[in-house]
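Listed below are the structures to be examined.
Two complexes, one shared chain (subunit A), two partners (subunit B, subunit C).
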Partner chain A sequence: MSAELFSVFYQFADVFAFLILSAAGLAIVFGMMGVINMAHGEFIMCGAYVTVGLVNLGVPLPIAQILAALTAGIIGMIVELLIVRRFYKRPLDSLLATWGLSLIVTQSMLLIVGSAVRGIGTPEGSFAIGGYTFSTYRLVLFGAAVAVLAGLYIIFMKTRFGVIARATMQNAAMAKALGARTGRIYSISFGIGTALAGLCGALYAPTMTLIPTMGATFVVESFVTVVIGGANVLLGTAPAAVFLAMIRMALNASYGQIIGQIGMLFAVILIIRVLPEGLSSVLVRRGR
Partner chain B sequence: MLKLLDGPQTLGRGRIFWSCFLAVLACALIYPLFADSYDVGNFAYFLIWIFMALGLCLMWGYGGMLSFGQTFFFGIAGYGYGVLAINMGGGTTTIAALVLSVVVAMIAAGILGYFMIWGGISGIFFGIVTLSTTLVLAFFLGQTAGPEWHIGAARLNGFNGMKGMDPLTVGSFDIEGSALYYLMIALIVVVYIALRMLVNSSVGNVIVATRENPQRAEMLGYDVRKYQLLTFVIGSGLAGLSGALYTSWGQFITPSSIGLPAAAMPIVWVAFSGRNDLTATLVGSFLLLFGFQTITVYSQQAALVLMGVLLLATVMLAPQGFVLGMGKLVVDWWSRRRRRDEAPALADTARLQSDET
Partner chain C sequence: MNSGRIVGMALLGAMLGIAAIDSAQAAEPPLKVGLLEDVSGDLAFMGMPKLHGSQLAVEEINKSGGILGRQIELIHLDPQGDNARYQEFGRRLLNRDKVDVLIGGITSASREALRPIVDRTTTPYFYTNQYEGGVCDASMVSMGAVPEQQFSTLIPWMVQKFGKKVYVIAADYNFGQISAEWNRKIMKDLGGEVVGEEFIPLGVSQFAQTIQNIQKAKPDWLLTINVGAAQDSFFEQAAAANLNLPMGSSIKIMLGFEHKRFKPPALNNMHATANWFEEIDTPEANDFKKRWHAKFPDELYINDMGYNAYNALYMYKALVEKAKSTKLEDMRKVIASGDACIDAPEGKVCIDPKSQHTSHRMRLISVGPKHEVTVEKDYGTIQPYWLGEIGCDLTKKNDKDQYTPSHLPSKS
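And now, the complex of A and B:
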């Protein structure tokens, strides 16, 4: 009995981790600046390529993953400085600009590195409960997702930066008048967002084939989680991921991945009919 | 009716504009007499995509709804045409397949549009929900390789795509080559004129008013949701028309014409051309398709990189679109040279600028 229960939890954790890791970066950028980064998938791809490149050079996997996330974060801050910064008053144009960037990066990668890169295998290790065997790395991913949420909670709720960031989020003009350097806050937030995207790519790099278009595998999940979650990462994205993971898990188990994805999309379209502002609007209102 | 051809929502009016229009049309009509059939087929191929661009121009430029889902409806109608043409048998029924597949795409647009528009999502979320839907359709069709995925006699065939449907046929006459080219020209003229009339009519004014300020339009007593849904269904239906014509042109369709990067292409065309005007979109999209096809012969990736660069450059340098900007420059220069009274033209141009809120 407990083996079955654990198996259900394991499947849930697998989907939940995927949703949180792929959506967290996007949600932070959206929550802070109201901008959807269409090149999100390309930052994920960047994280994966850097990880694999470093591992092939002999760097241990966990260190390679951290370095990959940092790389994505730094590139993100450069992109913010050069492109995204101009569009904070024109969110729709920011969508187009980052999409243009995404096209450029994906297709240039196809031109330069070609379609396939030698991957690194999933870290070995499995354990058995009852008659089932489970991969340890999948639980590591779940742990990473929870750690990301905890880390974001600490950054945004317990630090001085977090206080200023939340003030900027609520009323940028007022925060600026009180002396907050909103430009720098935006820049750092964008960097955190893309670093989380890079971390997502780094964590999933060992489990999938590396192709320049791999970002597309993550974007649907990250988009729908942010659409349902709304502007607040902790009160929106996390519950949205729990909810979507349950739907997805149930459908995956009985009908397979693709039906799971379609079912999740249908659920999202039904939900936006009743909750256009996302889950966080409801939760935040209740909380007041 | 004809009075609606010129109006505040479309640029280009008067004798000079319509003379140019007729001259271009005449050139297009006599073109097959001089060119070889391969080039005519290529031209017909560019024209296929124009409908999708005009549809997006209507939704985005006039209605203020940035849909990333043009290729979703393109795919539904494209696959729809294939399934219907294979199952209903060839011959004249292919015409019915064309019409029905566009209707199916419009019904799909009606359903998706109902949930989004009545749910009240707009702006950024409208874009990413439509894009998510599009990508999921592409993923779904990509994994339908097995023999169990079929609709009637039509195999979906996964990434290799569906093939084996008849081209458009009347009796025993296949509409291919220059016949298809003339059909495209006729359809584009009809669609272009009809859209011009639509946006200059009272319905069009409400659509534009909704873009400018939905609340104000609602306060004036219009149920803006109905107008938005209408715009969405028409715009998406035009994408469907492109899809059905595409399948009939090449007698095949694959999921790659739905997913990324295909989904970004209509956005690039319309943004580059100038989303606020139908004529600019028509001209600009054609130029881009021509350029894209020329470069694709050498390297598809390079062509797509260029598309990305164009999109980025457009939003950074000329958010209203390059072709529209050029057109306005030429018109300004022309009217200044003629020392005409250009005040009314400027007033109309100003009315087309949306105050980005």
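And now, the complex of A and C:
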């Protein structure tokens, strides 16, 4: 019985981690900043490739993962400076620009690095409960997802940067009038968002096949989580991930992956219909 | 524009015109080979060797004098794994470029998207993958292995060696669905039991729940017919969770070279039946591998699709030269005579007149903990007999249909 219970928790944690890690970066870039970043998947891919490259050079996995996230963050800030900055008032154009960027990046990776890269293997470690065996690394992913949420909470709720950032997102003109350097705030926020995307790729790199289009497997889930979460990262994305993870886990377990995916997307349609502003609109109103 | 420039341009134009007439007189126009292979998108890692195999064959054939004295012009388009683009590019090659033969397609979905378009023309079409079998269509020649060559060998062997309970994970499209149907039929004939079947949407990359479903069902072995880079993540995740079950497949190792792409021992204990895998160690195969790697030194693995794509051009050459014609009906007369054979790197392969599928020498291979490949059993040459047995006879009637164990030709 306890084996079954743990297995339910493990499966929930697994889907939850996937949703949070793939959506956290997008929650900032899209949820807070309002930039429709179609290249989100490519920042995830960047994190994964940098991780594998560094591990192949002999860097220990955890350090490689941190460096990969930083790399994605720095590249994100450069992209913000060169491209995204020009589209803050034109969200639909930002969609096109970043989509173009995504196509260029995947095709360039295909040409430069090749169509497939050899994986590095998941860190050893599995444990058995009852008749089931589990991979320890999947629990590490869950821990990382929780840590990312905690980190975001601290950055955006407890620091001076967070206060100014939230002020800038709410009313850039007023924040600027009060002396906030909004350009830098946007740049750093975008950088944090892409660094989190890179972290997602870095964390999943050992468990997946690396191909230039790998980001695509994360993108649907990340957009869906952010959209039904709504504008508030902390009060939106996290509950959205919990909610979607429960639906998907239950359906996956009983009816298999197809129904799991259909069911999750169906739930998304329902929520958008009932709560066009996302879950956070309800939660934030209640909070007040 | 001054007069000097006008004169210059006129001269240039005249020279070009002369040059064009010259080359037309010197030789017959080249044979146009239309090739549709994905070299970008999710299946690029499989499609790249197919493009390379075609390029190698074209280069070799052109060097040795072409086909009936005509050089080959290869026109490759990249449909990027998109079935709509397969149709668009297929139409373009057939109607605008007027290719003499169309080759290619990776997934069975792309093949079925192309087939109705090919059927409206009189252009021959070569499909170069192993697949779920059953296509009875006079316009199509299949170069790859089919279930009676792959599953009828592999599944009995797996049952005998590992046990009667199998769990299936399959990609959720026609290839996976029909392959799973084949498995059900063969397992039933063997008195085995399918303890679970899970169809996975393409692009899904997370398998923790699947792994647990498998552990709950307690199978003796797994049939893994999952497709594409995302779904291949199953192997890494299953190994990390210490699932440790024997696996069998019709597409792993020789096609997706997972043993080269994943860190050992993720593919340990995988089994497959194949007409080609790069580890084949015969003089003909080694010579072929040498030529391939000389032209494409960065190739990670020569997969069976790439190998079949290479053979397709030689088979086309043999058919055209025996028929002394590039017309489909003349080529089909050669096929009907049972004389359509080539000496391929695996050995002699022939096209079966009734089904227009290819005979193959099949070997059962297994993967060890260090991802070393061992030949477990050599079945010799196996004919693609199933379509003929159920009543497909393209020498008499063109069905233009795909049959499965549950969709047989109506008795007429």
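The definition used in the following text is that the second predicted complex is superposed on the first by the 288 of 288 C-alpha atoms of A that agree within 3 Å, B and C clash if a C-alpha of one lies under 4 Å from a C-alpha of the other, contacts with A are read in each partner's own complex, and residues count from 1 in each chain.
What we mean here is this: contacts are C-beta pairs under 8 Å (C-beta built on N, C-alpha and C of every residue); 3 or more make two chains touch, one makes a residue touch a chain.
Source: prediction; values computed, not measured.
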item: Joint occupancy of subunit A by subunit B and subunit C, clash or fit; value: clash
item: Contacts of A:Ser281 with subunit B and subunit C, given as first, second, both or neither; value: neither
item: Touched partner set for A:Ser135, first subunit B, second subunit C, both or neither; value: second
item: Touching partner for A:Ser7 - first (subunit B), second (subunit C), both, neither; value: second
item: First (subunit B), second (subunit C), both or neither touched by A:Leu101; value: first
item: Which of subunit B and subunit C A:Arg118 touches, first, second, both or neither; value: second
item: Contacts of A:Leu110 with subunit B and subunit C, given as first, second, both or neither; value: both
item: Partner chain in contact with A:Leu92 - subunit B first, subunit C second, else both or neither; value: first
item: First, second, both or neither for A:Val15, with subunit B first and subunit C second; value: second
item: Superposition clash, subunit B against subunit C - the stretch among 21-29, 39-47 or 219-227 that is involved; value: 39-47
item: Intersection of the subunit A residues that touch subunit B with those that touch subunit C; value: 106-107, 110, 213, 216, 258, 261
item: Residue numbers on subunit C that touch subunit A, as the complex places them; value: 39-42, 44-45, 47-48, 172, 198-201, 203-206, 208-210, 212-213, 215-216, 218, 229-230, 232-233, 236-237, 239-244, 260-264, 266, 298, 300
item: Touch list for subunit A against partner subunit B, complex; value: 34, 36, 83, 86-87, 89-93, 95-97, 99-104, 106-108, 110-111, 213, 216, 219-220, 223-224, 226-227, 258, 261-262, 265, 268-270, 272-274, 276
item: Subunit A residues within the subunit C interface of the complex; value: 7, 10-11, 14-15, 18, 106-107, 110, 114-122, 125-126, 128, 131-135, 137-138, 206-209, 211-214, 216-217, 249, 252-253, 256-258, 260-261
item: Residues of subunit B defined as touching subunit A within the complex; value: 66, 112, 115-116, 118-121, 123-125, 127-129, 131-133, 135-136, 139-140, 143, 259-261, 264, 267-268, 271, 299, 301-302, 304-305, 307-316, 319, 356
